[in-house]
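Common to both upcoming complexes is subunit A, partnered first by subunit B, then by subunit C.
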Partner chain A sequence: MSIAASPSPSIPRRLRKIAGLEENTVGYLLIMPTLGVLALLIFLPLLSVVWDSLHNKTFLSTSYKFIGLDNYRALFASPGIWAIVIRSLIWTLFSVVLQVNVGLVMALFLNQVFLGRAFFRGLFLLPWVIPVVVVAVIWKWILNDLYGVASDVLTYVFPPWAHLAWFSDPMLALPTLIAINVWRGSPFTMVILLAGLQTVPRDQLEAARIDGANNIQQFRHVTIPHLRKILLIVMLVFALFNFDNFDLIYLTTQGGPLDRTMTLPVKTYEVAFKGLQVGESSALAVIMLFFLAILSIIYLHLVRITSDTRT
Partner chain B sequence: MSISHCKQNRSTALAHPLVLALIVMTASAFKASGQVTIDFWNPDTGEAVVKVLQQDIQRFEKEHSGVKVNLVNIPWSDIFTKWQTGIQSGNLPDAGIASAAFGASLNAQGALEPMDDVIKEMGGESAFAPSAKSFVEMCKKNGSFFDLPYVHNCVVLWYKKDLLKKVGLPVPQTWDELLAAAKALTNDGVYGILMTSSKSDVTQHTFYSLMLSNGADIVDRETGQKVLFDSPATVETLKFYKELAQYSPPGAGGYDRSEAQAAMTTGKIAMFIYGSWLSGALTEAGPDVLAQFGVAPVPHNKGKGSFMGNLTLVAFKAAKHKTEAKMFLEYLMKNENYVRYLLTDPSSYGPVTEGAIKDPTYSNSPQVKDVRDVIDVVKAQLPNAWVYGMPNPHAGELEGLNVIADVVGRVVLENVSPDQAAKDGAAKIQEIITKK
Partner chain C sequence: MKSRTIRRISFVFGLLVVTTFVIAPFCWLLFCSLKPRTQLFTGLAIPSSLTPANYVALFRHTEVVRFLCNSTEVAVVVTGVTVFTAVLGAYSLVFFRYSGRELIGRLILLTYMFPGVVIIVPSYNVMSFLHLTNSLVGVMLVELVLTIPFSVWMLRGFFTEIPRELEEAAIIDGCSKMQALRHVLLPLALPGIIAVAVFAFIFSWNEYLFPLVLINDEAVKTLPLGVAGFMGHLYVEWGPLLAAAVVSTIPILILFIFLQRFLIKGIMAGAVKG
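Right after this comes the complex of A and B.
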């Protein structure tokens, strides 16, 4: 027990209590503005969404009534909802796994010493800094079957693929979008993992090498154990990012063809702003929130474990 | 507390009544001067249109001292939500630009002011051109106008003149001729016709136009409550659409509006059933691109018609200054102002009044002469043109949710039988229009 934490026997208990209370009060007062902002910007809208999900509210009528869990019952009874949930999970899983793996390969490459390394670091980061609307336009243009660059190149390289309908073939649309998402997201995982790689102790790698470990063994037994926590956190943060992704999907396919790229955020938007059903879309948002909350709890738990281990 | 603080607070305290008095006096002065400001929401945010509206407002304010118009430009993507939140919060503008479908929805909620008095000032219903007949009907309920018809256009058949000439076929007028032409024109990297099946308005405009040309419709035109979508005529249209789609580029299933328009400028597409507004994209693509295309009415089978695009003018019941708002709408419809608006894009903005059609400033203008053939075909088709889902007040949602495009997609991309897809589509439409 530290000295500061031990109660001084010379101060009466009553005074100590007041002093403690004052200390707490100051603390509470100091966090009040932040709590206020959080309440206004996060908690109130969140409560409002939960509240709306229990009403048959639409944008078409000023009157609405409490209907309990009917919106949820209707959603879970609709045939398409489970497909959308599963698709959202597939989208998230493949995006995260590929973004982290591609990012790691890029980071390993850029962790080597070679001429022009700084240039490649900038170049590899480009897809991440390009606004998503530009990403969507670029890829829709590249992959267009009629006038796209990919079509022209594939005519010579691999003719059977020259006129594939990348965005409109029900089998191809989701893999195409995942590939674009990986292209866009990998540079960011690369930056984080590159920072992690630079903290791998050189002496441990050196020791492993002296013990006869080859490059793969060094990577497996020294680098990966060192990166494990960073990798886990990156995967969880990117799982949150990707599960929540709306813009890229909406700008390229709007959830089509035939809902084959429809994920929970796109469906929520569609029901709210095209179908004008506030209650139903709020219920969808709450379902999304449920998945995001699970991921967030795991993330926070991991962060705590990591910081506990460090201390 | 320091002395300076005390002084400062005292002076601030003294200043408060003065400031308040000043505010009250200024407000009173404004009221006494009879200054009225009307809010006008405009979703048609193209640069040329906004410029013309701003000029109209300047002239209107000069001619009507004491009335100011506050032009608020809100894109189409946001306007419906803004109206709805406006209805719920009581924060609506005085007037604005809408469409027949959105107008029907707003009217069903009791948000719109009748426009009969404005139309009376314009010279009554006879002021409208015969070509605007179906549009005028759409803007009425129980004999009273809830919308003021503003401009309209419709879907036509676009064809590449040289390609059609090369195969020696006439411009298709019937479905059989259209299918034959699509087949004959598909070769050497050229596709006979562009048939999208994406979840977009392009698919809906093309398919709905073919539905009308086969005598099918989505709901009945008397009440708008009876769903007709699963009729044999719709099923037949779906089969025909699928047949035509085999002469379309493989990726067309995913083309949205911009991609479809871009595809037309490549020279690889021979025909496209699409809106007259395509001329704008073709003109932008290059000086001679528009000249390569011809236009014709949508080929017919058992009926006639095509999708109608439109804009209307509305005044809101909750308006603070209804009289001034209606004065401004009347002003926009005055020939000289109206013609200026029409000339910003003559192939998209078809006139609804006989006065504008006959006005030499309009008919002899170079802008109109450039797209005369498009305007003539549109004018000939307009009496049979219609907006999908009308007169049901949920027509806007049917459009927004891409219900029809989904049905087309299932048939073309997923090989669902047209009968089944039409039945499912009808059930979905029924569900939407019965939702409160």
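Right after this comes the complex of A and C.
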């Protein structure tokens, strides 16, 4: 942001003035495809979703009429909606906190220059870049309550847990999914935090050590303040990722058992494409947007702060 | 001296734990996919032999080849169009000065975290209006809408690192803006372009939600959708399913082995710079 904003000194002003108009036209032309996509991605669907949420639209019939806020009223009157909202927040919060903390611990262990570091960094990104359906297959296979290898291992390590139904026990399903999500996300946060750790100035750590700070104090008073911004950004971005997550939940439990892993994205999908209730689903989408807007505003604010301080 | 040894040991231990944590599930998947059919459910017991039987069954009895072709087609087209659009967009945002540029940049950043779920109903409606449901073209269009903003943002990060003077010098030497892009900036931004391409490819290869909504017909299913279909049957054929999971991972793995350093650069450009 900062570099682009500074005026270039090296072209004579007169020349720039003549070229300016033409240049701007080219600039607009070049950004047009992107803007077109943005319009398609944000404005059109947003308007459409808000509009749909105010009508009793379904996939079953082509006629519908304006019903004001009835979809929202119906939603909030329906049992379980608050449970879904709260569950979405719990899912997001636990996922983020664990992904970032596990990632940070891993990054601290690996914060050294060593042979093959690039190789390992790449390796650690694998859980994040493979198709989610593969993640689902892997864990449904490993954690299968009848023949999963987890049962075999647990028989030796911790027998009381050997025959737990990880995905179909209503109490366990959500923690299981969060754990899988942490497995998937924390290597990614680790790679980012590792890059952050390597920007911590060594002389400051050295100075702290000379002043008598032990490892933990160095970490608390030098490393963490340096990492604060990057930690905040990673947390927010992952909060958004997790809040939006549909694939992992849908591919493993479809929101079950007994809705115990039903979050807003899965519900939005189900209401639209299983229940065929377009209006109600759109109302759910608007509620999701409300939460996302809050997170996004914080994120944009943070990005502005960090990019300002870098110049 | 002592603290160094402790550091070394804790490091090796950490590396071991982290690697196991990340890789063991993959290894188990690969290992089990090679087990004979009758010994799939024997847990930790060592199988009598390893066999490609599950893969043979997968390719012989399912539509997996078709899914692979469909996924490849979608991923290649999406990647190509994304890179082209993103290069133009990022160039415009970084090397031109017009009003509204900052606002556009901000909007792009916002879309980056836009959840697919919110726009599935409108996208479905648009695609069915255009008669593009059950068509790979429909899937491509929707996925482009998701990859482009992200890619413009990432490439913008790479472009801002190129000194403006280089572009200006090219223009003073008589290049047009587009020539400056082609001859001066593109070679310099190549790592960024590769990163964007890898991301777009991976994203569209992995995408599940939009194909799920847009596609019913077995003949146009993409790989994730097809594999999820194997899982959804009442009776799960685990052998071919595990093989299918391995097959879905392989293209990503290959991309990774050759291009991961670009990918990591891309993540840093996107994440560290916000």
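In this text, the second predicted complex is superposed on the first by the 264 of 311 C-alpha atoms of A that agree within 3 Å, B and C clash if a C-alpha of one lies under 4 Å from a C-alpha of the other, contacts with A are read in each partner's own complex, and residues count from 1 in each chain.
We adopt the following convention: contacts are C-beta pairs under 8 Å (C-beta built on N, C-alpha and C of every residue); 3 or more make two chains touch, one makes a residue touch a chain.
The model shown is predicted, which means the values in this text are computed figures rather than measured ones.
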| item | value |
| --- | --- |
| First, second, both or neither for A:Y147, with subunit B first and subunit C second | both |
| Partner chain in contact with A:G27 - subunit B first, subunit C second, else both or neither | second |
| Which superposed partner A:L292 touches (first subunit B, second subunit C, both, neither) | second |
| Partner chain(s) touched by A:W91 [first = subunit B, second = subunit C, both, neither] | neither |
| Touching partner for A:D244 - first (subunit B), second (subunit C), both, neither | second |
| Touched partner set for A:S61, first subunit B, second subunit C, both or neither | first |
| More subunit A residues in contact [subunit B versus subunit C] | C |
| Which of subunit B and subunit C A:F273 touches, first, second, both or neither | both |
| Residues of subunit A that lie at the interface with subunit B and also at the interface with subunit C | 140, 146-147, 273 |
| Contact footprint of subunit C on subunit A as seen in their complex | 1, 3-5, 7-8, 10-11, 19-20, 23-24, 26-31, 33-35, 37-38, 40-42, 44-45, 48-49, 52, 106, 109-110, 112, 114, 118, 120-127, 129-134, 136-142, 146-149, 151-153, 183, 187-188, 190-192, 195-196, 230, 233-234, 237, 240-241, 243-244, 246-247, 250-251, 264-265, 268-269, 272-273, 278, 281-282, 285, 288-289, 292, 295-296, 299-300, 302-303, 306-307 |
| Of subunit A, residues touching subunit B in the complex | 56, 58-62, 140, 144-147, 163-170, 173, 253-258, 270, 273-277 |
| Residue ranges of subunit B touching subunit A (in the complex, touch as defined) | 80-81, 84-85, 87-88, 105, 108-109, 191, 197-200, 249-256, 259, 262-263, 266, 268-269, 397, 400-402, 406, 409-410, 413-414, 432, 435-436 |
| Subunit A contact footprint on subunit C (complex, rising order) | 7, 10-11, 13-15, 17-19, 21-23, 25-26, 28-29, 32, 40-41, 43-44, 85-86, 88-89, 91-98, 101-102, 104-111, 113-123, 125-126, 144-146, 148-149, 152, 160-161, 164-165, 168, 171-172, 177-178, 202, 205-206, 208-209, 213, 223-224, 227-228, 231, 238, 241-242, 244-245, 248-249, 252-253, 256-257, 260-261, 263-264, 267-268, 271-274 |
